[in-house]
Structures are given as structure tokens and as C-alpha cells.
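Order of writing sets the labels: A, B, C and D. Residues in every chain begin at 1.
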Amino acid sequence: MSQPGRLPRVRVTDRPISADRLARSVASPHAGAIATFEGVVRDHHGGKSVAFLAYEAYAPMAEKILQQIASEAARRWRIEAVAVHHRTGRLGIGEVSVAIAVSSAHRGEAFEALRYVIDTIKERAPIWKRETGPDGSFWIEGPDYVRAGD
Amino acid sequence: MSQPGRLPRVRVTDRPISADRLARSVASPHAGAIATFEGVVRDHHGGKSVAFLAYEAYAPMAEKILQQIASEAARRWRIEAVAVHHRTGRLGIGEVSVAIAVSSAHRGEAFEALRYVIDTIKERAPIWKRETGPDGSFWIEGPDYVRAGD
Amino acid sequence: MREVLRIRVRLFARPREICGTDTLDLELPVTATASDCFTALASRHPELKSLREALMVAVNEEYAQWNTQLADGDVVALIPPVSGGCGRAGTWPR
Amino acid sequence: MREVLRIRVRLFARPREICGTDTLDLELPVTATASDCFTALASRHPELKSLREALMVAVNEEYAQWNTQLADGDVVALIPPVSGGCGRAGTWPR
């Protein structure tokens, strides 16, 4: 059995992550809603097929930023708890790169905070994605693709 | 291990339900996002404490309505799959009454479809909630509380 | 064939409590609508009358209008406001 | 105390590939800013120059302005556009 109480609310890790474990960790008797999000490696991007991704993070700074984002969400919406884990390293199709769970008394707040957290991570967390497919490896820099060197 | 392929996409059941099992059942190589929602029995409602809830459904009609709502979401947003389970019977604090999972290539669609599904269930599914607390039992009829007879 | 409709009525939540059962069978005139079904039931269980404005009706597991003509063997369900709804039948999605 | 700043530079993604390392140490004049740190690095690795407009900078694990004055022992990180960002540094939240 997992030990939800001991699960860190924010973590950047090269081990597998799970929205379900986070959901259990944010549960509370006051929570009527638990919403989760998983970012998953998919087999295509921009019309090209994808074999695998590699995530690289500035881990200590990324954990600080995730904590900031979680705190912003908790200030902005009336939520019970929020947890965010981001994975690094090589991930195959179907593997989870980011997992988020939010609990709240009423569902509207959980949905809005969840959306804010993932959108803001994608803007602000120092985590980079290298995509490998039949044409080689590319860094995904916002809307741009840039060929990777290794 | 669960057998995701065999999990019905829509179900009204008196057995425990789990968003995580639904999340696994909607996963696909094309999905880059999986969003879930769980409605959970919480310990308060409208300023009053709650001991437990009892959900009563017109089960065959409720399953048809859940299927309609899922189909509407799939027509309206570009999603990979959606699954919805609703529980009936007596549920204690922390137990899951409704679980939904949506997968999609891009996260925006998963969020919007998920929100649509839960909001529409709450409007349209023939499922009723009886709340028991220190003052007795009440049917929750939209914004109204009505004392229950048993 | 007898000149009546045999209708099964399904009851939930408060209407179920009021009628003391979740299922009952009625015989109605062949011209009966869903509304006539309600009226027949409310004549046996007058407490139902005050709920009429808040109730929706389903025929054979589909939401229906109160003026829907019934057919022999139809299943009519009285649908009280659901928990997350706004409580006004007129605004429910159709 | 020597009249230089010892600065550690952290590199990720493309800048890491260009420089061939994820960490390097520079000695900079005591008046150096984060921008001066980049210029010193780009003089060794000219390929970095074309990235300048797209890069953000962090000092001691916090986003910073390019004109931030550095102090001895600071850790400067070059932050390429992140995967979900819009790619224009000026619009990043601060």
C-alpha cells in the first residue's frame, strides 16, 4: 500500500509518477471533489510520429517553481490541497510525464486550480522536452522544434 | 490487476468505483492528456455536518443518460475516450459517488469535456441524494432540502 | 383487448416515500397522457400534488413531455429534481 | 579576496549541448551582471549567441533580469524556452 501522508506534495523525479497516488494524498473529509491531470507521452506531435521523449529539468529550481505554482493556486482558489509531480528522463509512449491532483469542497475550484497549475507549469517550470522520432531528435521550444545534438 | 479493456465505459453500480481504473481504461497511444474527476462524500453541506449519504438511481435510465452525455462530449470535443461510473447506495465520508475520466491528444479538450460531463450529469441524470446528519435525513433537490421519510 | 392501458409507474426519492413503493401498476383510459397518469396517482396519494411543478416525467426511460400519449405497457417514471439541478423543471436540457 | 567573482553556470537542453557540459565555472569581473556572464560564455561558445533573445536567466534558482548584478558564488542558469511556453521570453510571468 502507498503511504499517502508521506508523499511529497511537489516533486521532480526520474521514477514513475501517478495521479492516483496524488489523488489519495489530497483526499480529506472536507473535500467533495478531487480532480486530476496526467500528461502522457503520445505517439504523435505536429503530424509526426514520436518514438519516445526525454525530459530534462533544472530539478531544484523546478521544485521551487512547482511549489510556487501550487501556493498561487491555493491562494487564488478555495481548495483543500494540491499536489504536483513531474518526471524526468526517457519516457515511452503512454508514460506519465506530469501528474497533478487538486481537492476542494466544491468542484468548480478544483477544476480551475487544476487548469491553472498545468498551464503555468508549461509556461514557467524549467523542464525541457526532447522528442525522438523517425527524423531524429528535436528540442521542443514552445512552438519551435530545434534539432538536438545527441 | 484490473482489466481495463473490459471495464464498461458507463455504469451505475452499488460497488465501489475509482477514477484511476477509468483513467487506465481511457488511455491510448494517441492520448497526451488524461483528466479525471471524483465526486466524494464530504463531511459538510450548507454549513451542516453530514454523517453519510444515500444515492438512489433509476439505474437503467441513468445509464442511458450517462451514455448520452458521454456521446455528446465526444461529438463536441476532439477526445479519445470518456468513461463515467456512478455509485448508488449508502456512502460514508470520503467514498466516491461519481468517477469520470477523459483522454485526449491535447489537454484543453480533456478539461472541457470533463467539466461538461460532470455538470451535465448533475443536471440530467436521474440520481437522487439523501443526506443524513444530526438533524435527520433530507433529500437534496437542487437548491432545496426536503426532509426524508425513512 | 380491454379498453384500458396497463401502465407501470416507477417512483424514486420523495414520491417513492409518499407512495410507499418504488413500483406500481395502473390501468388508465386509452387516451391517457403522462399527466393523466400523474393525476390518477395523486388521487390515491394526495401528498404528491404539491410536487407536480417540480417533477419531470420519463416514459420508457426517456425524458418526456407531460402531454405525451401513453401506450399499453409503457413505464412512466416520476423524476424529482436531481441533486445538482436547479430545481426548476423548465430549464432542464431536453 | 581576489577581485573576481567565481560564478557557476548551469546549462540545460540546447545550451548544454552547445557547451558540451551541464556545469562550468567562470571568473568574472566584480561588476559583472548576468548578461556579462552570458557574453563571457558566448565568447567561448559562439553558437550560443543566436539563442540570446530566446533565453531566460536564473540566478540561484530564481528567474532574474539580465542586468542583475552577480555576487561571488552565484549560480547562473541559462533557461531555454520551456516546452509549453510561447517561446518569447518577454511574455513569461515574473
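FYI, a residue touches a chain if its C-beta (ideal position, glycine included) is under 8 Å from a C-beta of that chain, and two chains touch if they have at least 3 such contacts.
Keep in mind it's a predicted model, so treat the numbers as computed, not measured.
Centroid distances from chain B, each centroid being the mean of CA atoms, peak for D. For this pair, chain C with chain D, the centres built from the Cα atoms lie 72 Å apart.
Centroid to centroid, with C-alpha atoms defining each point, chain B and chain D lie 49 Å apart. Chain geometry summary: the mean Cα position of chain B and that of chain C are 25 Å apart. Chain contacts here run in a simple line, from one end chain through to the other with no loop closing. Checking each pair of chains for touch leaves A-B, A-D, B-C. Touching chain A in their complex are the following residues of chain B: 18-20, 23, 27, 29-44, 93-94, 103, 105, 107, 110-111, 114-115, 118. Across the interface of their complex, chain C is touched by residues 56-58, 60-61, 64, 119-130, 139-144, 146, 148-150 of chain B. Chain C meets chain B in the complex at residues 10, 12-14, 16-18, 54, 58, 61-62, 77, 79-88, 92-93.
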